[in-house]
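All remarks here apply to the structure that follows.
The first chain written gets the first letter, and so on, giving A, B, C and D; residue counts start at 1 in each chain.
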Amino acid sequence: MVKVLINGYGSIGKRVADAVSKQKDMEVLGVTKTKPDFEARLAVEKGYKLYCAIPDKERLKAFEDAGIDVEGTILDVIEEADIVVDAAPKKIGKQNLESIYKPHKVKAILQGGEKANDVEDNFNALWSYERCFGKDYVRVVSCNTTGLCRILYAINSVVEINKARIVLVRRAVDPNDDKNGPVNAIKPNPVVVPSHHGPDVVSVIPEFEGKIITSAVIVPTTLMHMHTLMVEVNNNISREKLLEAIKETPRIKLFKAEEGFESTAKIIEYARDIGRLRYDLPELAVWEESVNVLENEIFLMQAVHQESIVIPENIDCIRAMLELESDKFKSIDKTNKALGIE
Amino acid sequence: MVKVLINGYGSIGKRVADAVSKQKDMEVLGVTKTKPDFEARLAVEKGYKLYCAIPDKERLKAFEDAGIDVEGTILDVIEEADIVVDAAPKKIGKQNLESIYKPHKVKAILQGGEKANDVEDNFNALWSYERCFGKDYVRVVSCNTTGLCRILYAINSVVEINKARIVLVRRAVDPNDDKNGPVNAIKPNPVVVPSHHGPDVVSVIPEFEGKIITSAVIVPTTLMHMHTLMVEVNNNISREKLLEAIKETPRIKLFKAEEGFESTAKIIEYARDIGRLRYDLPELAVWEESVNVLENEIFLMQAVHQESIVIPENIDCIRAMLELESDKFKSIDKTNKALGIE
Amino acid sequence: MVKVLINGYGSIGKRVADAVSKQKDMEVLGVTKTKPDFEARLAVEKGYKLYCAIPDKERLKAFEDAGIDVEGTILDVIEEADIVVDAAPKKIGKQNLESIYKPHKVKAILQGGEKANDVEDNFNALWSYERCFGKDYVRVVSCNTTGLCRILYAINSVVEINKARIVLVRRAVDPNDDKNGPVNAIKPNPVVVPSHHGPDVVSVIPEFEGKIITSAVIVPTTLMHMHTLMVEVNNNISREKLLEAIKETPRIKLFKAEEGFESTAKIIEYARDIGRLRYDLPELAVWEESVNVLENEIFLMQAVHQESIVIPENIDCIRAMLELESDKFKSIDKTNKALGIE
Amino acid sequence: MVKVLINGYGSIGKRVADAVSKQKDMEVLGVTKTKPDFEARLAVEKGYKLYCAIPDKERLKAFEDAGIDVEGTILDVIEEADIVVDAAPKKIGKQNLESIYKPHKVKAILQGGEKANDVEDNFNALWSYERCFGKDYVRVVSCNTTGLCRILYAINSVVEINKARIVLVRRAVDPNDDKNGPVNAIKPNPVVVPSHHGPDVVSVIPEFEGKIITSAVIVPTTLMHMHTLMVEVNNNISREKLLEAIKETPRIKLFKAEEGFESTAKIIEYARDIGRLRYDLPELAVWEESVNVLENEIFLMQAVHQESIVIPENIDCIRAMLELESDKFKSIDKTNKALGIE
């Protein structure tokens, strides 16, 4: 049982903790929070050892004052960890890497809020498991990039990709964020086209350099991101064969509008109905009716549950970096079984 | 084991079905749907016997065409039922009562979308359990009314209420509704003050006639309703005693803004984190900091999870109508334990 | 002065009426409403002669009961009209065409809610003015299609288009619609890719058959639609030349994110600040920073003010159909000057 | 012609500038901005002299670099001003008062984002015009407080108020704000009841001390705030008399749901249709159907256009402080005529 420390028990961190707990080959050494809020209290109630993310007496005292059991600060536990999964807010991961993980010589996974070249390599279970095997500092790419990597894997498994054009319609905030907006606007984000999402995919799949063109906007909704893909391929391929490839790719699920899946709201309702914890849907959701092939070009629409899509990837990344399993498909399979996903 | 038929497997119906399954003294005889959508498929996958809500060959065939196992129409099963929980859309419940339940002499529970005097009596576990004992046709009042009944019970348990003034800020639609709005507006609903919500409370608690004044608006959000209460009482009461009464009342939970519960979004995040199925929070959520007493007037703010608050009430209502348990508190307790709520 | 009857004084109709009033060569004969609401009252206050859109005594009486001056029904005025601009809701325009305009032998313009082949031809001032010259039944294409026609004109004026890929992010409802949603969801609309928007462009520009691929989603916002375009062209063209072409095309305006135009909300704020009636922005808004050219492919993002973009087109369409002006650029210029747009 | 400097040309500042320009007894000396964005450019295009709000060379240079004509910094013009209307963001007004206005001995109006006791007195044209006559530092109260002062004036003109209970449903952000949220949540704001809005009314109307109880939530919409009032009075008063009083009070407008005004969206549509600049509605909007009197208690619902309601108040406040007009009703009348409001 390798010991995993989760630094930053927020949207991603709490999910990684729960996912680690469910695996047979790893355990949660502890989790960290900066404030004694209800998430901190729930972490303790779930049985996680809680540490203060910031090595500061005042902060530590705040937890005690709030009556929340805290074991110490991250510095009291860091060296016991076989690996740290950093899930601190954007840009803080990089700081933690330099100020804590490297000095304490502990392997670390950063998240998609950090930059591709802050680390040794960039992880997606399907594409770069082998490359990250045994590495020390790796980034699990963002939710949008993870979704794109999966679908490109499915397509690439049956036909060669010449150029993928993708427009991302991003949820403005996570459902628990009650501060940020916009309330009633569409924002180009970034305003420059092509956007940085293409290069982010390339950080995982270098052979797609120059082949991925993306553009993104932000819209006032909280549930899921949505992507339209238009992918030129070098060969005619049948819609059936493509659908088959999508079905066979792990962590992708097809949804039919005809059955009532007419929006991201309905897909989330499904995840609620089947009893997923926190209604998580780590699988990429592809609308079956949207999948189309016309003159060597593939079209489709997909939705990404931003809060959970990277969770199984973090688990596989731990296995790769700690050399717990050399075959990516075996790792994917273990993770999926443990999490009850497809 | 009494047999419960759920007519209308939508937002309320599917939750009632799951809640009935968890009780020791009742079981799900079957559930009905009008269309073979993903909810119908999931009902079958969960093991519920599915019937077509509309006794029509065409409709029945639609299920078969979609490859969904359907046992027949509601008319094939209605007379086996000890009771029907009707969870059809607003106004349809009344129609079903007259055209199906009464002719087939089966007891029936209607929901809050129907009118108070469509039935023999109106149900809230705390207030009218005894009154509904053994009755044939009863309405479980709406989500807003249920929330109000609970808090008024708590207040009434420690001090006499002279007049309650309540403003309801209603979520526009349920999270799975992707058709209705508004997108960016506040709507008086109704535009007349006082609104009908006061009389709806009185349908459960006749002694409050003339004492409940309400006003309501609709706002573009999906998670929860919110209420502000200003309640004149006939005696000075301490805030501590009031908080104590709230804590002791079943199915109410206090949340502290100080711990991070700064909005309905954060309360829902809590329900997700503690692993509630579909993030349901059948407990009324009261903000602890909002509870205040000034010169014989009580103030507080509360949030109602519209999709789930009436579910335990439906269970208790079944027990009362079928005379399964004569003590309301025992029924409440059985229901709560089975559902894992407080 | 030709006489224009506006049938359906709603979002589009009221704007067309105001725009017709401002032209020197046409006047408003009357406007119609189905209900005596505040829009009807304002029409009369503005000096428009009001008719009941539905030739029905009851309806007519409703206006009188509400104290709103109504001149009669549409049948009392239709034959005085040189042309009718139909701005009734989707699908009603087609019905009106068959049941009223054709029998009464009056020329008619339908709007984008109708189908391309309900009429003789499809209008955009830049592309099909000459083609519609003198015709009897013409459709002014939808807001999205109008926006696309304009930018494609600009691009086409400097380089040949091989294939345009466009993703439309549509505002869910107009700002005055407080009934429809969604509140918190993204909807593929339609779920099939490519969507019908491409063929709609082709109804105006037949030479683009097979060259326009579109996909669309609906998002919960009211202000503007947004498009990302990725256009393959047959030649390298400089960004400067392209920007020049965009600037020279009538009814397109460039906005710089750098100056604060970071969203559709900021563009609307601009229209409010410069004193546009109802904050209308009939000009297509293109983000300057988004305009980019890479290896024979053009990229850009644009926003469409759905309520007003088709208004000047309706005016030009009247001129074309009534043969008031044979040169499209002269008509465009007259319209723009009268409306104070660029 | 007195000279008015507007410090902070944002949502409030730009409206105050335009309103001052329309009066006969005052003129705009200049306006200030901190950044050379499109609002700065439009200020210059409108003919306002533009100054940099921050006396800093770097800042000044930014304007020049952007090609926007700037006359200097606020320190170059402050002493020419007869009065400054400060419309800087919350809390900055107080800082400007201490660091600029007082040292330079210029009279100043602060806005509702500042605290009641940062200034000598608090202004509402109906209630405290006389009290502010000739004073040096006065605050025009917030949009919500202004709306409440107006309706309380109307009620108070016909009956004595014993206790007013008010729930405020606040728009989350202004329409041009594309950064802040929430997107999908209701927030108690503040979570403590009664809220600070009651004392804010009392800062204008001291005789209402202890009589105004308020509670407030924030909801994800941008157009208007909405209030429900429940006002106990010491006498029975007829609904007709009350409606009469409301009609006679300046800057209140009645809207009928029956005519289509079913939401804040429809009220804004009206303001757009009648051609109001930026669709401003400085009048308080009261729903006629909501006005009700039951047993010495008045009920009503009203909406506040947050961006414009305080604008005429700022104009009257200038007149009072500079002693341009001693009769409040004459000032109100001059302002209203100049602005074209009722």
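Note that a contact is a pair of C-beta atoms (placed from the backbone, for glycine too) under 8 Å apart; a residue touches a chain by one contact, two chains touch by 3 or more.
Computed from a prediction, not measured in an experiment: that's the story for all the values here.
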### Message
Report the chain whose CA-based centre is farthest from the CA-based centre of subunit B.
### Response
C
### Summary
Comparing A-C with B-C, the busier interface by C-beta pairs is A-C
### Task
Mind checking the centre-to-centre distance between subunit A and subunit C? Centres are C-alpha means, answer in whole Å.
42
### Query
What whole-Å value do you get for the distance between subunit C and subunit D if each is reduced to the mean of its CA atoms?
36
### Message
Rounded to a whole Å, what is the gap between the Cα centroids of subunit B and subunit C?
### Response
46
### Junction residues of subunit A, two or more chains touched
175, 177-178, 182-185, 187, 220-222, 262-263, 265-266
### Query
If you look only at subunit C, which of its residues touch subunit B in the complex?
172-173, 175, 177-185, 187, 220-222
## Note on the structure
Per the touch rule, the subunit B residues reaching subunit A in their complex are 14, 35-39, 41-42, 66, 175-178, 183-184, 259-263, 265-266, 268-270, 272-275, 277-279
### Query
Along subunit A, where are the residues that touch subunit C in the complex?
165, 167, 169, 171, 182, 184-188, 191-194, 213, 215, 217, 219-224, 226, 228, 230, 257, 262-266, 287, 289-290, 292, 294, 297, 299-301, 303
